[in-house]
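Each chain carries a letter (A, B, C and D) given by its place in the written order, and its residues are counted from 1.
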Amino acid sequence: MSSMAKKLQIGILGASGYAGAELVRLLDQHPQAEISFLTANKLAGQSMSAIYPHLARLNLPDLIRIEDADFDRADFVFCGLPHGITQTVVGDILKSDGGAKVIDLSPDFRLRDPVDYMEWYGADHQATQLQDEAVYGLTEFYREDIAKARLVANPGCYTTTVELALLPPLAAGVIAPENIIIDAKSGVSGAGRAVRQSSLHSEVSESLIAYKIASHRHTGEMEQELSAAAGQPVTISFTPHLVPMNRGILATCYVTLAPDASLADLRASLTKRYVDEPFVHVTAEGVSPATHDVRGSNLCLLGVFPDRRPGHAIILSATDNLVKGASGQAIQNMNVMAGFEETLALQQGPMMP
Amino acid sequence: MSSMAKKLQIGILGASGYAGAELVRLLDQHPQAEISFLTANKLAGQSMSAIYPHLARLNLPDLIRIEDADFDRADFVFCGLPHGITQTVVGDILKSDGGAKVIDLSPDFRLRDPVDYMEWYGADHQATQLQDEAVYGLTEFYREDIAKARLVANPGCYTTTVELALLPPLAAGVIAPENIIIDAKSGVSGAGRAVRQSSLHSEVSESLIAYKIASHRHTGEMEQELSAAAGQPVTISFTPHLVPMNRGILATCYVTLAPDASLADLRASLTKRYVDEPFVHVTAEGVSPATHDVRGSNLCLLGVFPDRRPGHAIILSATDNLVKGASGQAIQNMNVMAGFEETLALQQGPMMP
Amino acid sequence: MSSMAKKLQIGILGASGYAGAELVRLLDQHPQAEISFLTANKLAGQSMSAIYPHLARLNLPDLIRIEDADFDRADFVFCGLPHGITQTVVGDILKSDGGAKVIDLSPDFRLRDPVDYMEWYGADHQATQLQDEAVYGLTEFYREDIAKARLVANPGCYTTTVELALLPPLAAGVIAPENIIIDAKSGVSGAGRAVRQSSLHSEVSESLIAYKIASHRHTGEMEQELSAAAGQPVTISFTPHLVPMNRGILATCYVTLAPDASLADLRASLTKRYVDEPFVHVTAEGVSPATHDVRGSNLCLLGVFPDRRPGHAIILSATDNLVKGASGQAIQNMNVMAGFEETLALQQGPMMP
Amino acid sequence: MSSMAKKLQIGILGASGYAGAELVRLLDQHPQAEISFLTANKLAGQSMSAIYPHLARLNLPDLIRIEDADFDRADFVFCGLPHGITQTVVGDILKSDGGAKVIDLSPDFRLRDPVDYMEWYGADHQATQLQDEAVYGLTEFYREDIAKARLVANPGCYTTTVELALLPPLAAGVIAPENIIIDAKSGVSGAGRAVRQSSLHSEVSESLIAYKIASHRHTGEMEQELSAAAGQPVTISFTPHLVPMNRGILATCYVTLAPDASLADLRASLTKRYVDEPFVHVTAEGVSPATHDVRGSNLCLLGVFPDRRPGHAIILSATDNLVKGASGQAIQNMNVMAGFEETLALQQGPMMP
């Protein structure tokens, strides 16, 4: 594509959250995309720089109400709306004149089965036909379908982190589908910019707490994908913890090796699977992935370790929840859908310290 | 004991670390104890307030070399020395004229079996007879032996946190001794005041990393005590993580319920065991223990939760690694050994925020 | 007072904020006081432990509405209400049968002049007669009046930190009343538990910002007291900064030495003034006061340093904003008013790390 | 320059510090530069990824000893050595066959006058002729000289932050050269990766402290440049504080307006001066620059505020100490020296949260 070509026009719905701001930060580095509109109903009329001064130097359109967004002008629409809302909006976007495609960062279209959606979100899905059409946006695993999709369901942050660690060994049959325990830890930006007591600095800093113990909604997504990889139903134990930092997820996955499989087989299942992937790397033996080694980047670092219990192993997975866990992967998916180099706008390395 | 009685004379070996400073902070609140000498070989000659300005208002003796400590003047000696050193010193203390008793915060006397010591510390124990005599200082479980002991081995910080969670249900037979997985998270003060790159603010802050994966030395201690409670050898998977905060340990313990046991049985095994304990509390159903709810105090908070996998459960345990995980429990043990109220000097509540 | 004496009955209005929780934490250590009622209108009916699990082990009354508080049962009422509210309530408390005394942690009664109140708070004072009666609660400077007072206006956190540094040298005439610049930095707990975007961990952590630049309301209080000490009107430049930590204030005060005064005179004005004070200490020459050296305690640390500009000096002052800057000083004042040892419940040393 | 042109060959001396790692992170985004060698004498033989896992995906040369660096192969050499060392090395680099140019991140060549160097660094300068030749690398002010220079002295982090705020109004005569007080606050990465007790997480986190009060070495640099701008000797009061965060500097500058100057004049002196600058921005009226609004970027944000004292004003300046305060400005200078677009490799926006 020539650099003279018209840039892709991008709309962002629900742009006032951290994932929205992160989309803007990253898209600013994209040579083939430019932002056409930004919506945030409660803040409509304000400039993006008023609510995010770090974006002040960019030449951004003011925030508007979603009703005022001209979907016809968009090539791609990123949806950063709360769950339950996107499913009521997506139909209109997909029907727009310009044939806008949608990348949904909410959980609305991640679960293929309406029954699962009801189980985890406690409500009937409002767009089951689109739910059926939506492609699950774990780029490394659904790339071909994503390339052809109109509607991509960007995976959750915990989900991305866990699935990148577990799908290859499950698919390769080197780990057992039973007794998978995932102890995940996240920085507080995963809770978004919503103003809640539990996200206050005085509550979070210098403390650590487990929440939604073995009951977090991302479990449904994980089980859907892990089951598909294993070829049988997989029930996992997933418990997230809130860590006093802003960005980063570390998932510590306790797994059982398959009867004939060794730790080397497990490691090989990951290194082979990701050898050509730009964003997923297996650390050298003995190197423990730290979240500061992915911070700000679209990378996922995987580490493989022996357990003390024979026949078991531990897989560590680290991502930046706002990048590979949200906005970075969304842009990665856009690149795939638009036929671009997959790494456009995502070349920035991790920032440490 | 009348308030006119002579106060106990306390010596602290290796007083320059955080555990030493914490002993001083807490002992200052003790009505029946006063500090007689403080050693720190590299810093001998300096005042404690020079290295810990927060202790400046106290009237403390200057730091001296261990060789210059007069053990005869001490009723109790706390040892905060690196592992391997205490075992070469304790004999002299115990032989002192005043009959000084020793509470060792190092791991030197925690493992009863010299073979275990060799396995985990890679060296022959230098005082196996004392190793045999030493009483394991998990106060809630060895109170009677501690009361009669000359030498108490204060448990490790991770160990204390984990054992308080797992000993009662194992002893009661409500959880299985197999497949116990402990995912622990600690603030950085657990690494002490040693000057290492991995403890720098720029390395720790805004990051999260697992270390000594399924191979941490505290595993040996835990297995010793868990095996004793279970009445059979127990092999656990224990992995610690470094969390960007100063104080606090949270252990997330994944356990299997015994064939006939329910979650209620598990909860009951803990609530009954600790009903009269001043420092160990089981949270109300659904309340997740946060480390800021124990910070600065000698408390351990335990939470019991259902797992998503039937027949399994999750026990959470939170402590302040410097208090119940080190100096607080050491003073608790001193109180027991001296026949005092066990809570003396340990009544300060958690500090939050 | 015999330990058999009936304990003072304490009420706390607006107990759900951090200052309220800190009052509870500290009063738990008070041998002569017990909590009679706790109000929090929005959370009435809840237990204190539900909103502050770190207080769960205490036997506290449930939160009630202020209308349901029985002031007759209280000997002391601490008011932790938002400004503008206390002045509408205090009259009723003071008229109660038990002769309850009031210690107000809000700014309502700190400014003696209704004109100043209007200037800084933008409203007419609703209880000017009580405003006249109220005693300013900087304990070290108003101890005698406090002992006789019914209504004490506890100073602001910044104010306390700054006044302890500047009142003695101003009163002694060793610094000039002109061109006093105070650059103050505070942890985020100073903003209370109010749920605001600017207090979110993701906004505060890893950042630093100045706010209310040369226009913060505590300026009025400071100028009132500094002017009184100087014997002439003093106008200061006071700018606070929000620091990514929970507790602690550091005020860096840039002052001009009086024509004949030396740095030694300045230092002497402070050391002499505070030689007998239990909570205010001047650091040794060259020792810079860190907030972690006062954290959790009622201490104020003062440091005196030469400026590079001849004839100028720098005074540093560190406090814990929730203790000496709020709840600790309030209890200190209660002790004075009740004729107790001033240090009761305030003996806990700083917690570091 | 065509994209086919041979890329500039870059050497980095002292690459193991944070500034070195940051150079690597940023240069990875540079389309016209590639790293030729990296030195770190104590770590020679190790890979960069071994000491900085976040750089593992880059294809970097291993660390070598400075003696083994082939200066002939370099077009540009960045020196990140401790002060006093660079001055002994630079001569050799400049004499190399390839005509390598040097950008020195150490303070060795920042002070033009050997007397000043002796005053602030306590030693004779070892290369006074080069000291005379060196160009001061505050890009926005020495751009033309930098373009012609062989040796550029990259300014200090505090210095950059302060000079960008104060040079324009001093040069324009809208502020007085007397009584300039600078209260600066920095994240801990400013102390580098050196392993010191004062940089430990447990010492830094949840605390705040002033250091090198009115005596920090960067004062010399500031006074050199401020004096040049003012056309008369300027003596300032500069005090830095260590803030519990990794990156970021905020300088709060208290200034006196010139007799006839208004706040609007002050603001205009800055907005006019920087209107065409890509990296220096003046915030909208009333907007306080936060360090998270520059984090990870080469930006400097300036805010102008009225003081409460008539005739005075407050200027706030925020930078990322590792980018505009060190490695980013170094690359900016390289771009100028090489005739590139000044913003190459420096287009990444701030990362928030």
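Criterion: a contact is a pair of C-beta atoms (placed from the backbone, for glycine too) under 8 Å apart; a residue touches a chain by one contact, two chains touch by 3 or more.
Predicted model, so just to flag it, every value in this text is computed and none were measured.
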Contact-richer chain pair (by C-beta pairs counted) among C-D and B-D: C-D
Of all other chains, the one whose Cα centre sits farthest from subunit A: C
Computed distance of Cα centres, subunit D from subunit A, in Å: 36
Separation of subunit C from subunit D, taking each centre as the mean of its C-alpha atoms, in whole Å: 40
Distance between the centres, which are taken as Cα means, of subunit D and subunit B, whole angstrom: 46
Multi-partner residues of subunit C (each touching 2 or more other chains): 18, 189, 202-203, 205-206, 244-247, 289-290, 292, 295, 352-353
Subunit A - residues contacting subunit C, complex: 18, 188-189, 193, 195-197, 199-206, 244-246
Touch list for subunit C against partner subunit D, complex: 179, 181, 183, 185, 187, 202-203, 205-211, 213-215, 219, 235-239, 241, 243-248, 250, 252, 254, 288-292, 295, 303, 305-309, 312, 314, 316, 318, 352-353
For the subunit C and subunit B complex, residues of the former touching the latter: 18, 21, 25, 28-29, 52-58, 189, 205-206, 246-247, 281, 283, 287, 289-290, 292-296, 299, 301, 322, 347-353
